[in-house]
Amino acid sequence: GSPTTLTMLAWYGQAEPDAVEEFERLYNVKIIPKYYVGGEQMIALLAQSPPGTYDIIHADAEYVQQLAAANFLEKLDAEDYPFDDFYSEFQNFPGHWIGKDLYAVISRFGFLGISHNLDVVSVKEASSYKLLWDKKLKNRVGHFDWHLPNLGALSLLNGNSSPYSINKTSWNNLKKTTLSLKPQIRGFYDYGGVLSSLKNGEVSVIPGIGEWITGVLRRDGANVTTTIPEEGGIQFTESFSIGKNSRKAELARKFIQYMAGEKGQYRLANLNVFPAIIPSKKGWKRMIAEKPMEAKHLGMFNGSGNAIDLIQRGRIHIRELPHQQSLEDWNDFWSEYKGS
Amino acid sequence: MISKSSISKKLYTGLWSIPLPLWFTLFFVGPILLLFWLSFWDVKNFVMVPGFNLDNWEKILGANYFWSAYTRTILFALGTAILTTAIAFPASLTIAYLMPLKARLVVLGLIIVPFFTSYLVRIYSWQVYLSENGIIQNAFSYIGINIASMLNSPLALYIGFVTLTLPLAIIIQSISVLSLDKSLIDAAYNLGCGPKRIISAVIIPAAKPGIIIGALFVFIFSFGDFVTPTYLGGGKYTTLSILIADTVKSGQQWPRAAVISVIMIITLLITAMCSIAYAYRKR
Amino acid sequence: MKTRKLTRYIGVVFCSIILIFLYAPIISNFIFSFNSLRFPTIPLGSFSWEWYQLILNDSLVINAFKNTLIVGFIVAPIATFMGFAAAYSDYRFNFFGKKLVMVFALMPPLIPLVVIGLAMLAYLSRIGLSGTLPAIIVSHVVLTSPFAMAIIRLRFSQIESDLEFAAQNLGATNWLAFKEIIIPMVKNSVITAFLMCLAVSFDEYAVTWFVGGLEETSSVRVLSFLQSAVSPRINAIGSITFAVSILLLLGAQYFVFKKLNQDIKKS
Amino acid sequence: MDSTHISLKKISKMYGNNIAIENLDLDIERGKFIAIMGPSGCGKSTLLRSLAGLESITSGSITCNGEEISKLEIWERNTPLVWQSLALFPFLTVQQNVEFGLKMRGEKAEVRKTKSESWLKRLGLESFANRNVDQLSGGQRQRVALARCLVTEPSVLLLDEPLSALDAHLSVKMQGELKRLQRELGITFIYVTHSHSEAFSMADKVVIMNQGKIEQEGSPKDIYLHPISSFVANFLGGSSIFKCTLKSISSQYSLLESNDGSFKSSTESIKHFILEQSLNMIVRADQITITTEGGWSENEVLCQIIGEEFIGALVNLRLQSKNGTEIIVQQQQRDMEKLDIEIGSSVVAGWHPEDCYLITN
Amino acid sequence: MDSTHISLKKISKMYGNNIAIENLDLDIERGKFIAIMGPSGCGKSTLLRSLAGLESITSGSITCNGEEISKLEIWERNTPLVWQSLALFPFLTVQQNVEFGLKMRGEKAEVRKTKSESWLKRLGLESFANRNVDQLSGGQRQRVALARCLVTEPSVLLLDEPLSALDAHLSVKMQGELKRLQRELGITFIYVTHSHSEAFSMADKVVIMNQGKIEQEGSPKDIYLHPISSFVANFLGGSSIFKCTLKSISSQYSLLESNDGSFKSSTESIKHFILEQSLNMIVRADQITITTEGGWSENEVLCQIIGEEFIGALVNLRLQSKNGTEIIVQQQQRDMEKLDIEIGSSVVAGWHPEDCYLITN
């Protein structure tokens, strides 16, 4: 018969054929995506839409917290999902639990450090955020236009061991550090802008982004990479949740299960829109077996220096909302910085 | 007693004066009041909570970056209004007076067509010309001149704004220049007004409503535009619409965005009313 | 006489420059839609139909095109009618609150789109209309009718007001005078207004994204390609839109010219 | 049926703070030809436009056949107006302009064609039927405007200076047409004009307006012979006005004194006045005779010729008395030739006591 | 300096296939007042517009002060025109309209103000200075159009029916102003009008046009007394025309025969004609006298009165002879009163042989 439909509110690419065609075939569903371009708009959209409009919600960890707090998500049962197969760091991923309640299942993640054009900046040079102030990079540094990853990275440079939990003095120092970077800055870009400016050489270095950008560019032949500096890197995560009052919660659960399984994970690691690391061990295996090069770039290989290793060594810090300041403070400062 | 004619008259008046107010009451007054109300709401735990407090207003009005964005936006919009009007006017004159009828129709058609291709697409395409290693830079280096990338510069911003607004301005101006009574021009010539002055002495005053309304729309468009500052300005020139997007990023601060919007609306409303009053003022 | 020729020459050159400026992005857009590389940089890659194939096989894109057309061709007539009605009643009648109506009629373009989008969504979902094509249509009418009104009102301000009364004086009821006098005089500006509404509706993405829910128009599609996927599919979509609109224009001009020639022959 | 066709009661029209018509009363009989005259800006056009419903009157009432019409819609009034500004439809041809009214009345195409063609012919426009109105001369346009109204053969016709752009010859011909129409179809004409000859030759009743009010109304002859105020006398022109004081009344002649000397007037015209009252003595130009010697008449003034206008068969002389009073004398061309005078000559202007017409100051 | 100011040589103007002016020659002397008259549509406005450069002539040449100007741009000609259609600037106030020409000449604001105010005053418009032109009456607008040209005090002034919307009183006043201007400033006036009295009272030379050509030119008197064709006689009106054949020429009187009987004419007017030639005998209305009995004159026709027009001091009578010839008689009001006649009465119209004026058919 004709397929049932499943609606999904997602960052672009999560419901493209390369991600969902198999699932659609297996369950005879058609996934109808609503792609969003910013978490805030996504939440606003949810807030103003009748409950049950979206069955699946795909979001970054920061927003899962907000969504859960606002009661836009159904609780999940951890038993339903193959957490055993996930690396331990992701079995109890902090942003997805509120108390004892699970609201989201991680789908993939990535690291943010310094992305750079290898023709201009070598991996070695990129081993410290100090690079950003390099004279040769004047007017050649770009920003992804979002305060959290950028300030997080610079907070790491300032030596804050937990970059998003800093006291007043450190916050003031962070502000100073950031403002001093302004003369180097070429522009503040969204996703597309970041891609094209790195590609065409408009900027040579962008902090606070990662392989999710450079991976895409490399597929297109650009000589770019992402280096996690000595001071550390930031981690982002994507996850799936079930929308409050979804009438097809059962199917949605099936979808998440599929995406957390080996086949789904393998697909997610290779999404056309951009590649990312997956939390599933089975997924890793298959990646290493079938796409060793890609896997290597993403940090999915066996042995020291792989993604999990970096996390375990404390080099990687989860991107979070600020703890001691309000989000607003950070945001206001970012506005001020942009306008300075 | 209600006569047949008075019914027909009411019908006639009603047919024209009711639809838009009705539609707007149903679908616009609501949102706009909501928006205004929103500017007094709170945000708790990333959720907007209805309420009434002036914090948002205090916060925005007290922020330096708001005022600098405000001035910048006004200046860009004003600059674009002047620039576009200045470019559009000679073109409208040419179209109206120097072209035969058929050429006029063709050119006006050609000016409208780009309008149908998404503005986003056109701005995206401009990047290809202006960027580092873009078409323009390549063209110049081919003839041996090295120029810097033009992206993320005021020039790029103006290019974007003009792309957005020029067709509209030319069309509005042409409509108004075309319907100008030609005998007035002859009358002015006859009184010794040379072809150089005819423009300022007759054509501009007579076509004033069109020119002003055109410029007003240009102002409004570029004042509220988000696309060009983002894609051609590299986000470096924070305009109010970018600021709105930024504001929202501090965890669902839509009420503050609403404050900025209300200020924008008021600004534009004042501009609009002044310019319309000026446009239709005699003398 | 010589200067007149020179002026014409300069004017024509100037207009050509403007056309080149307006078409430059469209041309590059067209070229890059056939470029095999994902990013529009020079030098070009190889020739490729890939992006067209992608969008033509993408049911979302097809659907978005369909929606765009449906929305546009419903919105434009309604908005043109409403704009016309408002312009005409402003020109013709005096009634209480007219100024207020005019102010409101001009307001929609004054409001930042993201925010009006949210407010619209909030409002429409309260009346149970959000996330549907009618929601998009309703809000597009609000957004476009001010343009129609401004353009048509402008034309009215240049019409000798006596003519309508002269017709009525000769026994034309207001309906007849309207048909015989007003329509012939404002016809062209109404057509322009119609096109303008169509164009604005085609272009709108911010409000549409909010109120449309799962329904998308092609500019919403372009937005997601642009903001999250940078893909030459943008170029392919743009080129197709452009090709369609230029065909429409040529068709329209064909008829206009045919009529023109007939008129010339007649007189 | 009552013979009053249209009746205006206390109508006023204000433009903002400007009064264009003030408390005006006027009754118009059916089938009559009413000419409205007055100085530029006195409210003539406004009056017609109010009748046609193009201006809504500020106060007062207008009845037509006893029915109040001031609240009726324009198209319900059936009062075609020939506009001073013409208001032709620029996007229609001459013939389409003329047919417009018929079309609005739902006449069939053939009927429209026949009627409009016959009127175009009567107005000498047949060869322009398919032209655009902007390709016509001023007079041709005016005739189109005229034809556009005439073709509907209404019961009332409002005309605002409808012949002002026509040469005298054509104008006379048109006057004939209009008069004939009035007689044949019994149309009530309300005709604004600034041409005395048009008004006086066509009208059954002439209305003289001044500053939004009616100054005098009556038959052409009556108005010409008995202006009730010096405004009317002045407006009609061709009269000299002497400011006098009534000094004595005898059975035959009354004596008046003015700056220019004392004059005698037949007592008959003095009836209503009292001694020492300030009066205006009005003497029509054609009743003054000039001689080089004087002594032939009771009323004589020595003057100098300051102007001479040769108007066809007649000569208008402008004289000035020592005290600066301007005196207008109309002489027939042939009489002039006999006198040997030129500008600057001193002459004696004289008139008979019975030709004096006295009104209050 | 040559006294010829403007000279038109064989100018023609076609609108598509319509000929508006055909091979027209005209010399205009400096400082003279030329009145151009002719039937509606004969090309008067086109002539003025061609002089002003608003229409480019199809062929011929126009020289001004000996210089060819027909190729000059409009603004280089300095020939202000008072438009028949007024063409006031709707976006300017009355005063700004008047100042326009001065502003174009680069006059200073104070000068403009003084001049425009003085002209507004002279034309009775001072209280409208700040109004919009669309808030004026027809006559007020026309005066603005006039003021707009007069204020520039040019050496040539083109006027297209500039007083057509003014009442007689005001018109006479304006005529005085115009005449004075011509005398004081030596301006050359080219003045299109359809009013005989305007033309005849102001013009130094009258030009009568017909169908794009000049039919006759000359001094007003000359034209009035000696029309060269029955067209001119007819156009000027006020004459009766009898078709005759010349039968005999004697030393004193010549004999002519017509349908209405045989007439005598003084031989002096016969000079150029030959026996049996068909001629038109023209008799001016003021030279015909009517009596009830007849027998006082050599030329008499029995007629019936068919129309009577009362025009101020004069009465125009339209008579018809048995053979249908229309005869126009002008009587002074006072003479009429003595005769006891009414429409339908039979009267005898008579005139003297020396009042006959003969032209070829």
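Here the chain labels run A, B, C, D and E in written order, and each chain numbers its own residues starting at 1.
Basically, a residue touches a chain if its C-beta (ideal position, glycine included) is under 8 Å from a C-beta of that chain, and two chains touch if they have at least 3 such contacts.
Going by UniProt, the chains are B = Spermidine/putrescine ABC transporter permease; C = ABC transporter permease; D, E = ABC transporter ATP-binding protein.
Model, not experiment: these values are computed from the prediction.
Identification of common neighbours of chain A and chain B yields C. Separation of chain C (ABC transporter permease) from chain E in touch steps, taking the shortest path, is 2. Between chain C (ABC transporter permease) and chain D, the least number of touching-chain steps is 1. Centroid distances built from C-alpha atoms place A farthest away from chain D.
The busiest chain interface, judged by C-beta pairs in contact, is B-C. Centre-to-centre spacing of chain B and chain E amounts to 58 Å, using the average Cα coordinate of each chain.
Centroid to centroid, with C-alpha atoms defining each point, chain A and chain E lie 94 Å apart. Chain geometry summary: the mean Cα position of chain B and that of chain C (ABC transporter permease) are 14 Å apart. Centre-to-centre spacing of chain D and chain E amounts to 21 Å, using the average Cα coordinate of each chain. Among all residues of chain A, those that touch two or more other chains are 41, 44, 190, 192, 196, 200. Within chain D, residues 73, 85 each touch two or more of the remaining chains. Among all residues of chain B, those that touch two or more other chains are 9, 124, 127, 131, 133-134, 195, 231, 245, 248, 254.
Of all residues in chain C (ABC transporter permease), only 37-41, 60, 114, 118, 121-122, 125, 128, 130-131, 209-210, 213-214, 223-230 touch chain A in the complex they form. Only residues 15, 37-41, 44-46, 84-85, 124, 135-140, 143, 160-161, 164-172, 194-197, 200-201, 220-221, 224, 234-238, 284-287, 309-314, 316, 330, 332-334 of chain E touch chain D when the two sit together in their complex. Contact residues on chain D toward chain C (ABC transporter permease) in their complex (touch as defined above): 52-54, 73-75, 78-81, 83, 85, 87-89, 91, 100-101, 103-105, 130, 148-149, 152.
Here chain B touches chain A in the complex through residues 45-48, 63-65, 68-69, 124, 127, 131-134, 149, 151-152, 230-231, 233-236, 238, 243, 245-254, going by the rule given at the top. Chain C (ABC transporter permease) contributes residues 3, 7-8, 11-12, 14-15, 18-19, 21-26, 28-29, 32, 40-42, 81-83, 85-86, 88-89, 92-93, 95, 101, 103-116, 118-120, 122-124, 127, 138-139, 141-142, 145, 147, 149-151, 154-155, 157-158, 173-175, 188-189, 192, 195-196, 198-199, 202-203, 205-206, 218-219, 222-223, 226, 234-235, 237-238, 241-242, 244-246, 249, 252-253, 256-257, 260 to its touches with chain B in the complex.
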